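Below is one structure, written out as structure tokens; comments come after it.
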């Protein structure tokens, strides 16, 4: 019996190995190195100098920009995740209906995901430009005043969230769509025989069966939201001022514009701890419900 | 056992699509292997990797020179590649830290890489090579103990370009030679009002351009000895206030300084005839000649003059990296590109300013726009010493970025001028510790 | 089994308010999704100055193709395209294989460290590329994968998103199926290959699309790893139009449109595999 158990476990480990090996070599080991780097001050002219917790103290006590970025990212994540979760379910269900031109609709929702973040940001920059943007042109056509969309702090954050949702909704809708395929028809028919209407069916059949998929959307969406960079960096550059400065942007700036790799590492460690804690919480909650 | 399987056709599983995919993949794996195999090594020919980033007219210029070098040096083959500027520093730092940097690279902040650059002195044929070049730019590629890491390859000069046609259309005279920034801004605002174009004046969003503005007030980033910062000095403060003021009164649009991060330029607006007064630099001349053509009349004018001339020198450098396998051949390439002959050809074709003393002395005759280029050259001559001190300070890029971002915060109303300068000063002192 | 009218509805029967509502939402959503992209395509046929016109035009005033011809003559499109295809296909094949294997282990086996490993895998998503770029590159260089297509194929192929996605999907496959197969004497690998994988098709289709898209659009990492022009991918070639002070947007637009085409074709083909299994199951009793 023991050999059976061992070979069973061995099989599991074997299946895991290729993927995990790549992770360890190419992500985990470098990440650990990075986290150690947070204890050093780096310079372009000489090798790094050990400074212990100095970077963290600076980050958490003296750096107004870092706290600004933290505040911004929290606002961003909440808005982004709420919209993505709700809309992806809605869109996923819609795209699952047996309507004509379904393939076309699916392609249309997925297109933005295929674009590189730079292109997405540029297109929306053009649309939202206060001087020659399409949106303002439409407003003027309707007799309404032009708005300085990306030049006002509150609007800039709104559009940052909007554009990110626009560019990633298709991704999550596809995931929901795949999840919907796993729901047995028998359940729908049973509900139907019981006389359940559309909404009741949705609530009592679709949603519970979608839970594992929803966990993916929620967790993945949250992580990606915290880590967003390219889209927003090109769209607003963190501006106006620091209204849309996000944490990864802060990290990038510290590392590649100010040569402060140790500081960047410290910030990335803080970010990691926050996201990891939230993810574990979600995971444990989900597990108690049996959906993960 | 009859079971309803929710997952579509269960046992049909492997089926055609998967087999086809496997076949296709194997095919491509084989093809890939073929592609991945390296080309046969020719022992006699050394390959040198030369990394470049381009802004247009310099590309044919440098490509011509590379071809010439390849032809006249049969034992060397240059592998020339172009990368986008935005990722240049990231790329070089990453590759260099793993010993995989290119042999020669065009950069704008050479000091970033001093840990990894190659001292060319032992390999140069001309032992006095360094002396051929302008002193201040040369300092930027010289190590603490006199190491020669490369050469300054082109010189740039900040300065304004104006849309003359718009001035004429508005019936406004161009301000005279020693006019202040204020004079120019007022004139530009008048022209905007009269002609209805969207933008009166614009300055590239850059710590470098901003410093050029500060210089004419006697302001700047660093102290004389380069070891401390004077961001909170009275002169700098006055200049920043004026700069912010021009934004607040609408002369300069928010689109540039509040509308993005990193570098933002206003060249497209100028080319489209939507901008009256554009503070940028001589590197635009070639682009504008092509892009504007005959659409409207434009020219270069001197920097604003408050208590002294404004402006900033700048430029690009070629640096060599330690991991080069054939340093003597790299030195040969550097001596070629830095020679009077090659440099003249480059400067003329790309419309850049040369960095060799002899060429600056005897002047360079540009095929077109000679007058505009000479406005810039004259400007170089009038630069205050502090401009050189700032631009060629090893931390200029970093401090410039910091001040630039803080000034943006003032413009958007997030910070007061005093608070912004204080924060910038603190950060700059931090950076100087590196 | 008798099929009720409601079941017919799910298979696309007659129209009713619900269906009209569905169409309405879809059309509106499609417009928001599609129009900006449409604008990119139309703008790729405009001259550079028209692209920057105030006020902007939607349809080109003058249709030109010089953006395409001009960009194409500026770099070896075919070579870059080939490289992109090779990288994308090989990486996707590897991704599908190893992700599904890992997901299988994580969803269908119990072993010590299972949850921890899963969370660590998720954890790798929480580290921005910017901070591990230098050490990862060092690893690549030491392994001799610098300046090689393998260097941009292997490291990204272990996608944590893929593992997560497949694992969640595999969780919904009843364990009884595996047990039955084991009783029939099937080995673990056969179970994986012949029982679980086929049932995971919709998720595999989704991952295929994602993987193709990710590898096709990879930019920063290939930029750093690949030094030789003959190994450049399409995205790297595209980037050469972005200089320090000037960007040739008209070329960027044209090349962007060209680089989207292959992948939209792939998507159009693969999305068929996301058809609900309702039509063919359950009715057989």
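Order of writing sets the labels: A, B and C. Residues in every chain begin at 1.
Quick note on the criterion: a contact is a pair of C-beta atoms (placed from the backbone, for glycine too) under 8 Å apart; a residue touches a chain by one contact, two chains touch by 3 or more.
All values derive from a computational prediction rather than experimental measurement.
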Count of contact steps on the shortest path from subunit A to subunit B: 1
Chain pair, B-C or A-C, that carries the greater number of C-beta contacts: A-C
Taking each chain's centre as the mean of its C-alpha atoms, give the chain farthest from subunit A. B
With chain centres taken as the means of their Cα atoms, state the distance from subunit A to subunit B in Å. 33
From the C-alpha centre of subunit B to that of subunit C, how far is it in Å? 35
When the C-alpha atoms of subunit A and subunit C are each averaged to a single point, how far apart are the two points in Å? 16
Going by the touch rule set out above, which residues of subunit A reach two or more other chains? 131, 181-182, 184-186, 256
Residues of subunit C that touch at least two other chains are 52-54, 134, 138, 140, 172, 202, 275, 277, 281-282
Junction residues of subunit B, two or more chains touched: 4, 6-8, 90, 93, 198
Subunit A residues within the subunit C interface of the complex: 8-9, 11-13, 15-16, 18-20, 22-23, 25-31, 33-34, 90-91, 94-99, 103, 105-116, 119, 122-124, 126-127, 131-134, 137, 166, 169-171, 174-175, 177-182, 184-186, 188-189, 192-193, 198, 209, 212-213, 215-216, 219-220, 223-224, 226-227, 229, 248, 251-252, 255-256, 261, 264-265, 268, 271-272, 275-276, 279-280, 283, 292
Of all residues in subunit C, which touch subunit B in the complex? 49, 52-54, 82-83, 85-86, 89-90, 93, 133-134, 137-138, 140-142, 146-150, 172-173, 193-195, 197-202, 220, 223-224, 227-229, 231-232, 239-240, 242-246, 273, 275, 277, 280-282, 284-285
In their shared complex, at which residues does subunit B touch subunit C? 2, 4-15, 17, 21, 24-25, 28-29, 31-32, 35-36, 49, 53-56, 79, 81-87, 90-91, 93-95, 97-100, 102, 108, 198, 263, 265, 267-268, 271-272, 274, 283-284, 287
Please give the residue numbers of subunit C that touch subunit A in the complex, ascending. 1, 3-4, 6-7, 10-12, 18-19, 22-23, 25-26, 29-30, 32-34, 36-37, 39-40, 52-56, 58, 97-99, 101-102, 104-106, 109, 111-112, 114-115, 117, 119-128, 130-132, 134-136, 138-140, 154-155, 157-158, 160-161, 163-165, 168-169, 171-172, 188, 192, 202-203, 205-206, 209-210, 213, 217, 219, 235, 249, 252, 256, 260, 263-264, 267-268, 271-272, 274-278, 281-282
For subunit A, which residues are in contact with subunit B within the complex? 41-47, 58, 64, 129-131, 148, 150-151, 153, 181-186, 233, 236-243, 249, 253, 256-260
